[in-house]
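Written out below as structure tokens is the structure these notes cover.
Chains here go by letter, A, B, C and D, matching the order in which they are written, and residues are numbered from 1 within each.
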Amino acid sequence: MTYPAALRYTKDHEWIGVNGELGTVGLTDHAQSQLGDVVFVELPKSGAKLEAGKPLGTVESVKAVFEIYAPASGEVTEVNDDLANAPEKINQDPYGAGWLVKLRLSNRAEITGLMDAEAYESYLAGQGASC
Amino acid sequence: MPIEYPRTGGLVAEHKAVRGGVGIFDVSHMGDVRVRGRGLGAGLAAVEHITMNNAARLAAGQAQYSAMLYPEGTFVDDLIVHRLGEDDFLLVINAGTREKDVAWIQENTKGFDCEVADWSDAYTQLAIQGPRAADVIRKLGYAAVADLSTYWFAYATICGRSDILIARTGYTGEDGFEIYVPSDIETSEDVWRRVLEAGREFGILPCGLGARNTLRLEARLPLYGHEISQDINVWEAGLGRFCKMEKGEFVGRAALERMKSALTRTLAGLEMVDRGIARDGYRCQDEAGNVIGHVTSGSPSPTLGKNIALAYLPPEFAALGTVVCVQIRGQKLKARVVPTPFYRRPRGQEPGGGKGHSSAPR
Amino acid sequence: MGKIRKASTHVNQNEGLIFEKSSPGKRAFDLPQLDVPAVDPQKALGVHYRAGGVGGFPEVSEIEALRHFTRLSTWNYAIDLGMYPLGSCTMKYNPRVNELVARLDGIATEHPLQPEDLSKGCLRILRLLETCLLEITGMDAITLQPAAGAQGELTGLLLIRAYLQSQGNARSKVLVPDSAHGTNPATAVMSGYLVENVKSDSDGQIDVERLTEQVTDDVAALMITNPSTLGIFEQRISEIAEILHTRGAFLYMDGANMNALAGVTRPGDFGVDVMHLNLHKTFSTPHGGGGPGAGPVAMKKILEPFRPVPVLVEKEEGELALDEARPRSIGRVKAFSGNFGVLVRALAYILAYGPGIRQATEDAVLNANYIRKHLEGIFELRYSLPSMHEVVFSDALQKQKGINTMDIAKRLIDYGFHPYTTAFPLIVPGALMIEPTESESKEECDLFIEAMRAIAQEAALVPELVKQAPHSTRIGRLDEVAAARKPVLRWKGSDSSA
Amino acid sequence: MRYLPKSPIERQDMLAAIGAKSVEELFSRIPVRHRLREALKLPGPYSEAELIEYFKDRSRENSLGYSSFLGGGIYRHLQSVITETVIQRGEFLTSYTPYQAEISQGTLQAIFEFQTLMCQLTGQEVANASMWDGSTATTEAVLMAERVTKRQRVLVAYSLHPQYRDVLRTYVRNSQLQVEEIGFGGDGRIDLEALEASLREDVAALVVQSPNFLGVIDYSPELAERVHRAGALLVVAVSEGVSLGVVRAPADADIVALEGQSFGLAPSYGGPYVGVIATREEFVRQMPGRLAGQTADAQGRRGFVLTLATREQHIRREKATSNICTNQALCALAATVHLTLLGKEGLRELAEQNLSKAHFALGELTKIPGIRRAFDAPFFNEFAIVLPQPVETVNRRLLTHKIIGPLALESSYPTLGRHALVCVTEITSRKQIEELISALRTVLAPDP
């Protein structure tokens, strides 16, 4: 299914999966399909402090650049280095091998403010996006 | 176009302005028909077929006086043929006969692979006429005006507008030009205004139909419905010079061939001896009172200060000096047959070149 | 499939990289005999000596070098081959005499630092070009310094900033319409301003009512392109100027589309305060595959004191000179005295036309409208106000068959034309931006129209044919994704050559 | 008009097709009060012959017939017929930026070759498709260093071309960047103590020119090392590209900003020239300007495309790395052809001739009483001397000998009174050098 129920979603088309203190961040299937073939990803170093709603990096296709916004605040614990050599993973497996960063959440409350899969899909529908 | 512009002088002043200086006529009502070949030479062939003069002898950029004839050798209309390109012609026809002419042209060019388009609405046609016309044109921005011979035309930039078709043609017996301006109001009005401005120092006047008629009459230039019509043939009208029998077939040629020898009437110039003005349609009589012909146009001549007229008379009455009578409001008034044109442009005013003179009606 | 009248396939010579043709010991250049004692570079330079010369440099003969580049040239499309309907790029004829005069001894040979007494000719050329451009734009002062349009934009905004600063407040925002060229926002940021977008109304014109609200005391300028990138003249332009002026803001005009105005109207007369000109567009200096250009900036009197140095001035004796001592100047934007060689070509172009430059403008507009007339209905016209020098369609009608503007553009190549500008301006989704320029004959325009109509039919009947295009080129569509993922940006020896 | 391909009647036909009565109507959206009624007051129209005559007249008002010892960022070098022949081919001269790769392979491959040549020359890993000139390339290099290091202090050698420094100042005036100048020592090289003092952890880059504006070679691996120790980048500006034929490449620099005018481009009174930025692969996405990259089509045939375009203004808009749009493609092509013709050996020989002639000239000049060499660090084809009299005076007198004398340094460096920068290239003949010497002897001779 295009939007796993276990995840939470942002209006900027990031997803975050929460596991205790840790959150894993990626781009939604909708985002990657809109973007087209990803050719480059710019991610923070681990240890970087992220603030919810603030840019955490950029993702590029041949003809476009998108800012990636942090769905939640916290400190980056791990970065998906494979993407440097294989950015196409974001297209191929957005919820798996295409993940971007893992972070230690500093404010769990932020998560509850995000959309669940259903809300996100209706949000997309509202955007007139075809899924 | 009004009969006259009283506020700026009226008929006589307008007439004299053209003879002595320069005048401008709005002749937008004239018709413009574009005949262009699709197949090679088809346009030329078509024009040759429907007109009596020899269009093949025109160079691109040259124009000629000509006429379209019925099979009987009588007039559909007279016109000026401009050769725009190898196989591309602009026919300028009379206002009154426009619809008829266009229909006739379309009908008679069916057999040719050519395109006939009525461009009348695309142009505002202005006639700038008189000995100082060239000065006005030069002032409007066409420096090379001296190189433009009579009955030739060019595309020039005048009044800041490029590609204006300007022809050294006219209907007044003077040197003069006819310019073809895009017909949108803004452009037309602006050009009219600029011409008047440029002409001010030469005493330019806007001229009406009245002056146009007296001017052309003095110069013996035919007017459709008067000197020429569907009942009058080329020989009678004395326009044989513009009819090139030798060029080969054209509509009306066969009839003209037959009628050449048997001429029953001819167009003569009259000068009133008695006081009175011979008007168009008045009957002409001999001493005995037999009707021998009729007047086609008549008017006082502002230039000559005499009353003149044109009339169709039997050849034997058309000899110079012959005195005939014109029936004017019940009276028989004397008139003498005189040479035409009544007025000839004085020497020295002939524009340079003269390439086209032979094709100008005189 | 449509009948292709303009083009047919032809043989292309294959040609490798120059480095692959290299063989040690070959040479294509001989130097004159050294007429002074040779010094030992090792001794002269010591540790700085580069032993063994430049590794990897090619070694070929003259004929091989000439053939190599001649063969490459045959893989290019060019104005000399035909119409280049690139919207907003103004690809017009580049007169060859301009190349000749720019290369004359005494013109090309002049050193920018040589004494002014020995540069009178160059200075007079600069002055005459200034005079001509001011007459054409209706402005008061000008600088020929900027190296290109983008630098012209920057210079223009820096002038505005300098003036506002001199008034005590540089302000913080620059307004840019959503239809603007990408350089506008980029430039605004470089000159230290924040960019705020201005929406176009349903006609693609600036929404004047909304603009009025957006113009606060914090706005330094509005950067406008007129005619807009839609090829439409901003009818309320002087009104827009007034709105800005009453708020103490400036109207900046991107002169990219001056091609539609020269000789017909003057930005200086309709309220523009400062503008740049792309000499490689309106004034026909060759694009040369992407430069060089030149971006003079014309301005109103109020901005004159801030012009970049050097400034061309007339000394009391009427002598021309380049003045460097300008206390209020924004400084220098480029070393030396502008792209002189480009300026020479532009002047030659202007002199060839004289006042007749209006005719070029008229023909450019005539061509665009002629093409628009014949393609209307076949391609969707999103904004239908009268066009000036270019017309912007969208691919909406072809989208239904899955054909987008890029596909159509690529197919146009098979018909012997360079593609039009695709996907710009951004406010027209799937844009086809067509600018024929005055250099195209009626015949060439007719061929183009015919090609576009044929492609529209193909899109409906044989969409695949269009999607796969071009079919007649040396190589097919190239893999841009691979190029961007694993960039290969130089020759690294035969291993890297596919 | 000879450039316009329409006859009046064709124009009328097109108007008719459009359904407009006059061309005036096509401008209907321009408010009437803004439409020009009168023709523009411009000289012309000129025929081809008149055009040539006009510019020939101007050329005679310039420096024809003078020999020159000017350099200072612009150098007179041999040009080649082949280069001119190639860049005047319509397919290069009149083509557009190669966005449509399928019909622009000529330009694209040439750019790729240019990028390769520039890397080989500078010892760097990637080079862009060109910038406007050396001054803007140097400025862009600094802005790039800021993006890479996210630091905002920049140290600039005082011996960097004065006009390059001016341009940098103009560009950074409205940014957060602070620029500090580092003076030069007695030998003409950058003053290392002064550098040490300013080279702290917040420095984004040091910019030096080599050979610098005083003629001396200023780059060295050691300098790079110093800079790197502070975590800063070394930016090396090269305004005399020919030097790289014999002078060690700035391989340890992080960014090289090159002026390519010396590669077959005429001085042309100020431009157009060709700048280049070369750097390390890791910084490529921070590099401004166009880039051609190698790729392949569906059949696997090698081809070239403009790539990494996402750095550029037409996509990034206000987030672009630079607002640069045009580059100097044709000038870059000229440089590519010229360097190809020179080849490995030609360039080395060319550079060595410059070196030899400059050293010969220095030797002869310093034989003249009162003239001495200003800086003793190694130089290439330019060197500073000190004259016994003000340079302006000397140069004014030299003009009467049909000689354009060396560049006065005092105007840019107030402390360098009577200092002059002499430039000698392969096209300066021994005869010209000897004429300069004898002219100087006359000029400097005490008036009787």
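Things to note:
Simple rule for what comes next: a residue touches a chain if its C-beta (ideal position, glycine included) is under 8 Å from a C-beta of that chain, and two chains touch if they have at least 3 such contacts.
Note that this is a predicted model, so its numbers are computed, not measured.
The set of chains in contact with subunit B as well as subunit C comprises D.
Contact counts per chain pair peak at C-D. Chain-level centrality, scored on Cα centres against the all-protein Cα centre, points to C.
Centres computed as Cα averages put subunit A at a distance of 39 Å from subunit C. Between the CA-based centres of subunit C and subunit D the separation comes to 20 Å, rounded to the whole angstrom. Taking each chain's centre as the mean of its C-alpha atoms, subunit B lies 71 Å from subunit D. Centroids of subunit A and subunit B (each the mean of its C-alpha atoms) stand 86 Å apart. In subunit B, the residues touching two or more other chains are 160, 162.
Multi-chain contact residues of subunit A, defined as those touching 2 or more other chains: 40, 60, 62. In subunit D, the residues that reach two or more other chains under the touch definition are 11, 23, 39, 310, 315-316, 319.
If you draw each protein chain as a dot and join the dots that touch, the picture is not a line, a loop, a star, or fully joined; it has some other shape.
Chain pairs that touch one another, listed by label: A-C, A-D, B-C, B-D, C-D.
By the touch criterion stated above, subunit D contacts subunit A in their complex at residues 285, 309-310, 315-316, 319.
Put simply, subunit B touches subunit C in their complex at residues 157, 160, 162.
On subunit A, the positions that touch subunit D within their shared complex are 40, 42, 60-65. Taken together, the subunit D residues at the contact with subunit B in this complex read 7-9, 11-12, 16, 21-25, 32, 37-39.
Note for the complex: subunit C touches subunit B at residues 356, 358-359, 362.
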